[in-house]
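Listed next: structures, encoded as C-alpha cells.
Next, two complexes with chain A in common: one pairs it with chain B, the other with chain C.
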Partner chain A sequence: MTKTRLTRRALLAGTAAAATAATLKAPAIAQNAPIKIGVITDRVANSAMWATLMGEGVELATKQVNDAGGVLGRRIELAWEDDQDRPDVSATRARKLIGDGVVMILSLSSSTAAQQAQTATLEGKVPHMSPSHSADTLTTRLNNPYFFQMGPLASFQIRTLMAYAGTRFRRVALLTDNSALGTVNATSFRQGLQQGNIQIVADETFERGVTDVTPALQRVRAANPEGIFHAGILGAEMALFFRTYHQMGLRQPVLGSFNLSIPTYLDLVPGLLEGVQFIDVYDDVKPEVVDFANRYKAVHNKDPFSLPAYGYDGIMLTVDALRRAGAPDREKLRDAMHATRNYTAVIGARGTTIGFAPDRRIGFPENGCVVRTIANNKHGHAVWRGLAAS
Partner chain B sequence: MTDLLELAVSILEAGGIYALMALAYLVVLRPTGIINFAVGEWATLASFFSVATLGWWNLPYIPGAVLALAGVAAIGALTEQATVRPMIERGAPILTPILILLGMVVVYREAAALGFGTQNLRVPPPLGFGRIDLGPIAIPMQSAVVIAVSGIMLAGTWAFFERTIWGKAFQAVAIDRVAAGLMGINLRLVAAFSFAGGAAIAGTAGVLQAPLTSAHYLMGLPLAIKGFSALVIGGVGRVEGCILGGLVLAACERLVMRYAPIPSGFAIGVPLLLMILFLLVRPTGLIGARGRT
Partner chain C sequence: MNAKLAAAIGWLAGAAILAALSLTLTGYHADLFRKLLLTATLAVGYNFQFGFAGQIAFSHYAFYGIGAYAITILSTRFGLALPVAALATIGLSALLALMVAIPANRLEGFYIALATLAFAQLFVVVMVQGGDFTGGPDGLFGFDAPTIFGARLAGANFMLVVSALFLANLALFAALGRSWFGRACRAVRDDPEAAAAMGVDVARTRIAVFTLTSSLAAVAGMAYAFADNFVNPFVFGIDAMFVLLFMVLIGGAGRHAGAVVGCVFLFMLPEYLGDLVGRFHLLAYGILMVVVMMFLPNGIIGLWDRLAKRLRPEPAR
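Take a look at the complex of A and B:
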C-alpha cells in the first residue's frame, strides 16, 4: 500500500513539475497563433514546371524564418492552394485563402491566373504578391492597390537584351509559343525591338504540342535574320526548337527570355544550347545569392537557380514588410509593402534592390536583369548587368 | 528545292505520328463502337515508361521501348476490364463507356504527374540526333526512325487486319457484333485485345515523339486531337484511311505553316478546320469503312 501511495504522489508531483516546466519553458512563439500566408501554386497543369520549383524557395524561407523564432513573435504558417493554372480556379482559391485568414497571398502559377486572382484580393483587401511574373500588364489591367509584382517585367528583359546585343542586330527573328505567358512576353519583345528600330523579319509562334517546327524555321531561314530572339516558355516546344535549329544547320545567335534560366533545358537538349544568351535575375556572385545557394543546397543537395530564389524572396520580403508593419494586419502590411525601398533580395543584379515607388506596384528594378551565356552545358556567370556594361 | 524536300520529310514524320494516333482510335472503335479519347494519355504514359526503361534503367533501345509499350498495353487491357466491360455487360448505352474513358483521361494524367512529376523529362533517341546526308537534303536521324517505325507499325496493323484470321475476327465484330458472337468469336477477347492493341499503337506514337520534344504529362491532348482529326479525314474504317488522313493533315498543316501569309501559329486551327470541312462535305472521310458499322 505504502509503495503504491508513494508512486502516485511521485506521479502527481512529476506531472505538476512537467506542466510547470512546460509552461515556463514554452517560447513566446507558441503562445500566439501562427501568421498565415497563402500560396497559390499549380501542381498539375502548365505552370507546374516552375511553380513547383518556386515552392521549394517558399518552404526554405519559411523554415529559415521559423527556425529563427518567427516574425513578430509568431510562426509563419503556409496555406497552399492549387489553382491548376486556371484563372477562374485561382480566384476561387484566393477567396478561400482570404476566408482562412491569410495576411498575404503569393501567386506562383501563371500570369493569367494571378491576374484573375486579383479580383478576389481587391475585393477582400488582402495583400497579394507575384514573386516572378513578367507580364507588363499585371499591375495595369486592374487598379488593385493590394497587388505587388516583384518579378522582372518582359519589357525590362528585352531592354536588357537590347542594351547587351541590340547594336549588333538590325534584322531579327522573333519566336514564341502560344502559351499565355509566351504571348505576353512576345508582345513586350516585339514592342522593345520596334522601339529600338530593329526590324523583325520573321515572327513565328509555335503551337503547344507541335510535333515539328521545320516549316516555321524555314521561314526564319528564308528571312535571313542576324539573330533570333525567343520569348517562348513551353519546355517541349523549346526542346523541339533547339533540335530543329541544329538539324537545319542554322547559325544565328539565339537570345532568350528568363525562361531559359531553367536548367531543365540543359537536361532536355544537352549540348544544343551552347552559346545561347539569356536573361536571368540570378547573379551568382552576389553575396545574397551565395548565402541562399548554400542554404538551398543543404536542404536539396543540388544547386539552385532563379526559380527557387523568387519563392524565397517572396516570403522574405513579406516577412520584412510584416516586421515594418508591426502587426499581422492586412492594411498595415499593404502599406508596409508599398513602402518597401532598397530591399536587397536574392534576385536582381549585383548592386540593385527591390522597391515600390509611390505610384507603382512593380518592385523589380529596370536595371536588375543580367545576361548569362550557356557554355559547356552550364549557365555561365553574368556577362552583362542591367542596362549598361558593368 | 531544299525547302520542299525538308517539308516532305516533315510531312512523312508528322503524318506517321498522326496516323498512329488515328489508328489507336480505330483499333478500339471498330470492334467496340467506342470512341476512346484517352489515346493521347496512352501516348503520354508510354513516353514516361520509356523515360524509365531507356533513361533511368539504361536498357538497350528495342527491349526498353518494347517494355514501355507492353506496360501501356497492359494498362489498356486493364482499363477495358475494369471500366468498360462492366458497363457493356450491364447493357449500358455506348455513351457510358465513352464518358468513363473521358474520365480516365484525368486519371491517367494525374497518375503520370504524380508518378513522374510535372517537369519535362528527356527520352534518349535510338540513333542520336545526327543527320543522314542524301544529296540536297539531310534527314534528321530521329525523323528517319519515326518514319520507318510508324511505317512498319501501320503496315503490320494493315497485314493483321487483312491477312490474319484474328484480323478477320475483328472485322467481323466491326461489321456485325451479334452475328460474330453467334459464330463463336470471343467478343470479350476481341475487346480486351483491341484496347491493348490501341494502347500499344498510341504508345508507339508517344515513344517516337518523346525524344524530339521530351516526355511531359500534358503531351497527350494535342496528339489526341491530331489523331482524331486524321481519323475523320481518312475515314473511320480502315488502316489505309488512317495513313491517308495522317498524311493529308500533316501536309496541310506544314504547307500552311510554311507558305500561308499568316503567322505559323495559326496552323493550330488547321486540324479543326479540316475536320469540320470533312464532316460537312464528306462525313465518311477519304476512305470509307467496309460493310455495315
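Take a look at the complex of A and C:
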C-alpha cells in the first residue's frame, strides 16, 4: 500500500481548492435560496375573520408559482407573522420580517395596523402592500414610497353604491360599528353621501360587544329613511343588526360595503340577508375569476369569493413585479411595483385593471367595483358594474 | 457587604446593562426592547397603584394615551418646543387625573373600577371621533422624532431615554414604597378605617396615588409617541389595560420586581408562542395565565421567594 505524505504544499493547495470550491458554490446556493415574502396576518383578533381567508389565497398563489418553477429561478417562501390586530405590534412584526430578509410585506390584518407597520417599512425601505384595505388615508397621510394599496378605497365603494342607487334615495340611514375600519368606512360613506346631497337622517354606531341594537334601530325607523347604508365590519354586531332588523319588521333596503362579501355572514344569520346589496370586487364571469375559482375549488372543495382573491392577487402581483424587476432586490421591486400598469387581476370588474399611476400608490381602479345581491342565502352574480361599463 | 453599597452596585449594573442593550440592539430587537421597557414602566406604576395602594383602576392605559396624544398635538399642532410641550402634558395629565380621582374617591372598590373603566372607554371614543385634531381612527403620525440639545431622539438615543425613564420610575416607586407614604398606601389598602384611626388621611392618600401614577403613565406615553412616531387610539384600549393588570398579578402584586418580571413574561410570551402553537397562541397564553394564577398566588416572584427560602441556610440556633 502506498503511503501518501501530506506536505505543506499539498495542504496549501487543498485549502486553496476547497476555498475556491466554496466561493464558486456560494453564489449558486444563494441564487437558489427562496425569495422570502412576509405576511402580517391576524390569527386571533377582530381582523382574523377576513385575514385568515385572505391567507388561503396567499398560500394558493404561492403554491401555484412554486409548482410552475418559482420566479427568477427561485421558490417563494412565505414568512408569517401575527400582529393580533394591534397597530404597535404590527410595526414590530414588520421590523422582524425586514430583519429576516423579506423582499415584500403583505399586510392582511386591519388598515390601522397596516398604517403603523408603514413606519417600519418606510424606515427599512421595504416594499409593502395592502391587498384589500379600503381606508382612503393609507397612502395619503404618510409619504411612504414603499407602500402600495391594491384594494378598493371606501370612497370608491360609496361612489359605486350611489351610482347604483341613482336617484332612488334622498334620505338614508348610515350605520357602522366602532371598529377602526368601520369608523373609517363610515367617514368615507358620510362624505360621499353628503357630496351627493343625500340626507343622512339617522347616523348610528354600534359599540363592539353590543348585545341589543333595538334602540338604535328604533331611531332609524323613526327617522323613516328610504335606505340603510351599512359601513360596519364586526361580525357579531352585523349579525345582531340583521336579526333585529327582521324582528322589527324593517323594510328599507340594506346596502353594504365590501365587508358583506364575506360569506361568513350567510352562516351566522342564514336567510336574514335576502335582498341585501353589497359592494364587491369579485366579478364571477371574468375569465381570471373562473380560473381562480377552479384552482381554489380543487384545493378547498368550496366556492371561493373575494377575500381569498385579494390574497391571491397580492402574491401574483408581487411575482409579476419581481419578474419585471429581474432580481429580488427591494429597490428594484419597489420600482417595478410602481411601474405596474394594466395588470389584469382576479379582483376588479370585468374589463378593469390594476395599475399605479406615477403620482399614486393606489392600484384599484375607481370603476372596479361591482354590486351583488344576496338571494337564496348565496351571493348572486354581479347585478351592476355601471362605473366599469361607463 | 454593606446593603446600601450592594443596592447601589445593583442599580449601576442594571443601568449599564440597559445602556449596553440600548447602544447595541437594532431593528426588530431594538423595537421589542423599547416597547418592552415602556410597558414595564407602566407596569411598575400600575403595581404601585394596584399592588401597594389597592386601587383597582382601569384608566392607566388611557393616561398613557393622554400623554402620547398631548405631546404629539402640543408639539406638532401648536408648535410648542418639546420641553414646554412635555411640561404642559404633565400638567394636563395631572389635572385630568385629579378630575377623575376626586369624584372617584367617593366610590369604593368595584365602583372605582367601573368609573375608571368608563373614563378609559371615553378616552378612546373621543380620540376616534376627534376628527383632524386627533387624527380620528387613523391617529396621528408622520411627525419627526424630536431633537433635544442637538441630539435626535431616535435609535439608540431614544432607547437610552426610555431606559432612563424606566429606571427613574422604578427608583421612585421603590423609594416611595419604603417611605411613610408607601406604608400609608399599604395601610389604606389593607384597612382604610384602621389607617384613618392611625392618622392617615385616606382620601388624600388615594388621590395622591392616583394622580402620581396616572401622571407618570402619561410621561411614559410621551415617550411612546416617539417609539414609532405614531399614535393610534386603539393601542390604548381596554384590552391592553387588562393585559397590564395580568402582568402585575402574574408577576406578583405589591412587588416592584414582580411587576417587571410579570411584564417581561407576558410581553415576550406571544413572541415565542406564536411560532410554537400558531393561531392557538392566545389560548395557550390564557391557559398559562390561569395556571400561574391558580398555583402561584403570589405570582412568579412568590415562587422565587420560596426557592430562595429553601436555598438559604438555616440560621444557627
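The definition used in the following text is that the second predicted complex is superposed on the first by the 354 of 390 C-alpha atoms of A that agree within 3 Å, B and C clash if a C-alpha of one lies under 4 Å from a C-alpha of the other, contacts with A are read in each partner's own complex, and residues count from 1 in each chain.
Everything that follows uses one rule, which is that contacts are C-beta pairs under 8 Å (C-beta built on N, C-alpha and C of every residue); 3 or more make two chains touch, one makes a residue touch a chain.
Note that the structure is predicted; figures quoted are calculated from it, not measured.
Undergrad: Would chain B and chain C fit next to each other on chain A once aligned, or clash?
TA: clash
Undergrad: In the overlaid three-chain picture, which partner chain does A:Gly209 touch, first (chain B) or second (chain C), both, or neither?
TA: first
Undergrad: Looking at the overlay, what does A:Gln116 touch: chain B (first), chain C (second), both, or neither?
TA: A:Gln116 contacts chain C only, not chain B.
Undergrad: Which of the two partners, first being chain B and second being chain C, lies in contact with A:Asn178: first, second, both, or neither?
TA: Both: A:Asn178 reaches chain B and chain C.
Undergrad: Now for A:Ala239: first (chain B), second (chain C), both, or neither, which partner does it touch?
TA: The first partner, chain B, only.
Undergrad: If you stack the two complexes on chain A, which partner ends up touching A:Lys96: first (chain B), second (chain C), both, or neither?
TA: The answer is second: A:Lys96 touches chain C but not chain B.
Undergrad: Between chain B (first) and chain C (second), which does A:Asp267 come into contact with in this model arrangement: first, second, both, or neither?
TA: First partner only.
Undergrad: Touching A:Arg43, do we find chain B (first), chain C (second), both, or neither?
TA: In the superposed model, A:Arg43 contacts both chain B and chain C.
Undergrad: Is A:Ala382 touching anything from chain B or chain C once the two structures are fitted on A? First, second, both or neither.
TA: After superposing on A, A:Ala382 lies clear of both chain B and chain C.
Undergrad: With the two structures fitted on A, what stretch of chain B runs into chain C, 43-51, 97-105, 133-141 or 241-249?
TA: Clashing stretch: 97-105.
Undergrad: Which chain A residues are contacted by chain C in one complex and by chain B in the other?
TA: In the superposed arrangement, which is not itself an observed complex, chain A uses residues 43-44, 48, 52, 178 for both chain B and chain C.
Undergrad: Please give the residue numbers of chain A that touch chain B in the complex, ascending.
TA: 43-46, 48-49, 52, 178, 203-212, 214-216, 218-219, 222, 235-237, 239-240, 243-244, 246-249, 264, 267-270
Undergrad: Which residues of chain A touch chain C in their complex?
TA: Chain A residues touching chain C: 43-44, 48, 52, 81-82, 84, 86-88, 91-92, 95-96, 98-99, 112, 115-116, 119-120, 124, 135, 137, 141-143, 178, 180-181, 183-184, 187.
Undergrad: In their shared complex, at which residues does chain B touch chain A?
TA: That would be residues 3, 6-7, 9-10, 13-14, 17, 109-110, 113, 117-122, 129, 131, 138, 140, 142, 209, 212-214, 216, 218-219, 221-223, 225-226, 254-255, 257-258, 263-265, 267-268 of chain B.
Undergrad: What does chain C use to touch chain A in their complex?
TA: Listed in rising order, the residues of chain C that touch chain A are 27-29, 31-32, 35, 125, 128, 136-139, 141-142, 227-230, 232, 234-235, 240, 270, 274, 278-279, 281-282.
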